[in-house]
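Okay, so chain A shows up in both of these, paired with chain B first and chain C after.
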Partner chain A sequence: MEILHMIFIAPFLDMVALPDLFFQGLWDGFVGGTLYALLALGFVLIFKASGVFNFSQPILMVLAALALVSFYEMGINPWISVALVLLLMYALAFGVERVILRNLVNQDGNILFMSTIGLTFVIIGAAQWIFGGVPRSMIHAELGFPVGSSEWPMFGGAVYFEHIDISAVVLASSLIAILAVFFSKTKIGRGLRAVADDHQAALSVGISLNQIWVIVWFVAGIVALVGGLFWGARSDVSFALQIIGLKALPVLIIGGFTSVPGAIIGGLIIGLGEKIFEIYWGPMMGGSVEGWFAYVIALVFLLFKPQGLFGEKIIERV
Partner chain B sequence: MFYKETGQFKSRYKDELAAFPLFEDKIGIGILCVLTFLVIPMFGLPGLNYEFAMGAIMIPCMIFIIMTLGLNILLGFAGQISLGTGAFSGVGAYAFYKFITIFPDINIIIALVLSGLVSAVVGVIFGLPSLKIKGFYLIVATLAAQFFLTWAFIRVAWLYNYNASGAIEGPNKEMFGIIMIGPQSAGMTRYYFVLVTLIVLTWLASNVIRGRIGRSWMMIRDMDIAAELIGIRPLVAKLSAFAFSSFYIGIAGALMVFFWLGAAEAESFDINHSFLYLFMVIIGGLGSITGSYMGAIFVWVVPVLIKEIGKSAFGFDAFVMENFSTILLGAMIIIILILEPHGLARLWQIAKQKLRLWPFPY
Partner chain C sequence: MKKHIIGAAVALGTLFSTVSMSFAEELLVPHLTYRVGPFAANGTMGANAITDYFTMLNERDGGIGGLKVNPEECETGYNAQKGVECYESYRGKNPLMHIPNSTGITLQLLQKAPEDEVPIFTMGYGLSAAAKGETFPWAFNYPASYWSQMSSILSYIDSETGLKGKKIAFLYLDGGYGREPLPLLDQLEPKMGFETVRIPVAFADSQNQGSQWLTIRKEKPDWVVMWGWGVMNITAVKEAAKTRFPLDRFIGNWWSGGHVDVEALGMKAKGYKASNFTPAGRDFPVVQDVIKHVVSKGLTKTEPDMPGKVLYNRSLFMAVVMAEAIIEAQKLTGKANVTGADVRKGFEMIKLDEARLKELGFEGFTPVIGSCADHEGQGSIFVQQWNGKDWEKITDFIPPMTDIVQPLLTEAAEAYKSDKPGWKTQNCS
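Coming up: the complex of A and B.
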């Protein structure tokens, strides 16, 4: 009885007793969720366009954040540093297409996936070598993002809104919107969906596979930069961000692999869920449950609804 | 000229079914046995410090071969991808620790088998989603195992007997009057124990793979629907692959902590180790036992040697060499996947094929 009360009743009583804390948790979770959704979108785009399950998306995020900070520390103007990072991401996209994808055309999905793990290690080694492995702080203030926080009185307490979190939500959701429009309305977006549908048919109507791949990897790089900027501002810029980035995978499972709205909803579910779970149920389990909560939710989804919330009904199942 | 089947006649079916049908192969295995049982323990490896050769190359290599065999069964033979290898090896290690501390009189071999079985059970539980899904979906399921279990290794204090350091340590423990594990055990005894375990497990794996279960795994891997149509039960085949693989990985994890490292914390089972084991399988060759040997040795020895050579010959510091070997490992994966998706094992086969005709290829 004691245990049941602790699990099923006490947390909800806490929520009602201190609503300001609850709303603080919701807000933090919402910010995290938006950023997860953005990263998950990076995965979805590449998966839709090339059938590659891009495991290196999280490390791209680390690379972008590290490069940004390092360029700034070299004494370069912060906005020029952003441009340089974008250039770096484009070069990387180009290189990946030339060196890896072009040579692995028509290979099994597993092989492509494993090649992105190899790419991850190359990037880890290179980034650590060039930029160093010491955690650093993000340069969002220098880039002109507002710092500080404002307080909003609520239910006798107060909810704090970090200004950088507000800009994260605004920028991430507008980027998500731009990407959604870009891929459904523009000519390149249509080409991309054609490639996703059938490589050969796309080739036969004159769509260049190689060009499309460079574009999607570059877009993934942009997503990585925005994600890295804000995750870096929320914690430090270090290789630990890779673990955060990996959480986009359970988000994908929950949302459905190929669906853009699914990625958004899934991101919010994971972001809100893990924050609330951590605050109210975490302490009784020893804390730090944020590390696995998302994966366990995804596991439950896999067992009962493998196609996710918005995924295509026909998934390859056995 | 030296490696050919001409003139080697087989008069019984048993000979045809032998693991090493060729006389030359038998000689090769014999030489390998003499090397590992007598020559290496006596003289170490050429050009290397004896302690270093045994403690940093031979013992870990053999343990990683067992680990690679386990993952190869799952990934190479049954076609189920897993990123939870590190955590499953941790399950084996913690189970072994609990067995030898709860029952101080337990025989080490029994404890080892039992911890392998515990790991197998955990593997089956996290393998359950594989019945419904495959490929990328399974990656997330095994990542759930990875993150959940490593969290449990830190937070569930019962697992490490509530000690302050949070690490599991091998107490001195003897078997048949010889101290096998713990700080007082001799490197030589641990070497022989791991070597014998490796041989037994290799023998077991090669026979299981050639048998009914192994063939059902390969059918599931090659085409699951067709396999089901001709009477293979996917449930049994997939879960047995998970169980078998986790059994090996669990034993390897227990060996790793108690016969090599001496003590370990949750970091020894983190996701980077899962990647390392995956690399061993890919580089060695999917679906090949010889490949498991080659992959484990290659992935473990080459970075160790590079670090040593870089330090002693060129004076690079450890940081640079560490990063260089990380890049090299990643690049090796990509190169292998592009040029020879079947890994080192395939290269070895090609070499053997060439050797049959050498020196008169026409």
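Coming up: the complex of A and C.
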């Protein structure tokens, strides 16, 4: 009886007793969810263009953030540092297309997947060699993002809004919206969708596969930079950030590997769900449930809707 | 055919004599490092400091007892499996000791050390029960075990606000290291009349602790005590400030109080506290010697501003305890070319009292007095506080609650060996 009370009654009583804490949890979950959605978007773009789960997306985020901080520490203006990172991301996209994708075209998807694992370790080694392994502080204040926080008094308590979190939500949402429009309304976007549907057919109507791949990897690099900027601001810039990047996996399972709206909805489900579950049901299970909760939700989706909320249903005919 | 056999025998003889000569020519002190991986920043500083200290001894004194020290590194990436592989790679090379640099790796090696007769030295980490020398003849965790440290922290809290009736949130890295003090808290809670709320942080969530700090906000504890490592520390301090938890009621253990944990936050971390046993600063004669003989000469990977930082000085201190064990072993045997078994005895004979610490340039560090029965030294800690720019020592040395901790350590040591038939112990009476 007591256990039923702990599961079905006590958490809701806590929500009512401390509404400020509940709203704080919702806000923090919303911020986290938006950033998860952004991370997932990087995966979705590359999956749509080449049908490969890009294992190196998290380390791209670390690389972009580390490079940004390192350029600034060299005495370069922060916005010029951003431009240099974008240049670096373009060079990387170009290199990946030339060295990896071009040579592996029409190979099995597993081979492409393995190549992104290899790329991850190459980037880890190179980044550590060039930038070192010491954690750094993100330069969001130097870039003009607001710091500090605001309070919203509520029922004797308060909800705290970090200004950098507000910036993260606004910028990440804008970027997601821009990319959604870009890939659905522009010529390049239509090209991407054609490539995603059928490489051979896309080639036959004059779409350059190589050009699309470079663009998509470059856009994934931009997404990595924005993700690295805000995740770095929430803690610091270190190689441990790549672990957060892998949180995109359950988001993708929920939203579908090929859907931009799916990445957004999946990100929010995970972000909000894991926060609320950890606060109100976590202590009952010994805490630290946030790490696996996202995967439990993903598992449920795999059982009942394996293609995700918005993913394409793949029918293999024998 | 006979010629070939003789030739092969000569070649093998030469090879073996070369190998045995190489044993005689240097003192091999392997240390397992993690210059890569998620904890690379801390691991790199520690690895550099140990190597720097022995390089300094080689440069300044010609080594120890006339033999050069070889502080060879083996990279583990803080991974227990790789740690075991590193350990195995030193078989047959006469290592004088092993330095796992990870509680997870230590737990794997504890059973191997008695078989191989090479001591394991885990300064400030590892299994707390290894403090009991009679049960763990081959393991040493000077100057204090995690349990002793926790009891000193609780003493400090008691002296500040009283402990009875207080609620303490224990925020810990969810792994062997972070869970190590839990059995002690189980015992102390009812005895001392305080309550704990245990809040684990999964390694994957080290940089994403929003939920844990909302739980802390819900529970409204009087103090937060943290057993963190790496990026978990800086994230926790950031979250504490974000949730308006008073930072002067937030105290980390000695692995949560490095410069790397707060420097980037500056004034935002002002007030945060941590325990320590190795003061920060560049004015210590030993730090000056390292700068003069090693850093200035470019014989190191250490960046010039690293000597003097908390974690750097901690690893220098680790190296001096290692060196003292070798010196004691050389005194005991009367020979420079000692073995792991000799160094084990050397560890038990260590007498790093205040006079010896001053002589070595470590005045103000925690004394380490070894013995057959006591492999932790029951050393004291002090509390330091971040003033926005640097760590400030704010207390004198706080001794552990020996009367409470020692019986619990004995109990834990007995429990450890109870399911290991044939476990090698020693009699210290």
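One rule holds for everything that comes next: the second predicted complex is superposed on the first by the 313 of 318 C-alpha atoms of A that agree within 3 Å, B and C clash if a C-alpha of one lies under 4 Å from a C-alpha of the other, contacts with A are read in each partner's own complex, and residues count from 1 in each chain.
The working rule: a contact is a pair of C-beta atoms (placed from the backbone, for glycine too) under 8 Å apart; a residue touches a chain by one contact, two chains touch by 3 or more.
Keep in mind the model is a prediction, meaning the values are calculated, not measured.
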Chain A as common anchor, with chain B and chain C clashing or fitting: clash
Touched partner set for A:A141, first chain B, second chain C, both or neither: neither
Which of chain B and chain C A:A194 touches, first, second, both or neither: neither
First, second, both or neither for A:G287, with chain B first and chain C second: both
Contacts of A:G32 with chain B and chain C, given as first, second, both or neither: second
Which of chain B and chain C A:I100 touches, first, second, both or neither: first
A:Q128 touches, of chain B and chain C: first, second, both or neither? both
Colliding stretch - chain B into chain C, listed as 114-122, 258-266, 294-302 or 330-338: 258-266
Chain B/chain C common contact set on chain A: 124, 128, 133, 243, 246, 286-288, 291
Chain C - residues contacting chain A, complex: 35-41, 44, 174, 197-208, 210-212, 214-215, 217-218, 230-231, 234-235, 238, 242-244, 260, 264-265
Chain A residues within the chain B interface of the complex: 53, 99-100, 103-104, 107, 109-111, 113-115, 117-126, 128-129, 133, 243, 246, 249-250, 252-253, 257, 285-289, 291-292, 295-296, 298-299, 302-303, 306, 315-318
Chain A residues touching chain C - in the complex, by the definition given at the top: 14, 18, 21, 24-25, 28, 32, 124, 128, 133-137, 149, 160, 162, 231, 234-236, 238-241, 243-244, 246-247, 274-275, 278-279, 282-283, 286-288, 290-291
Chain A contact footprint on chain B (complex, rising order): 81, 126, 128-129, 131-137, 139-141, 143-144, 147-148, 150-151, 154-156, 224-225, 228, 234, 271, 275, 278-279, 282, 319-320, 322-334, 337-338, 341
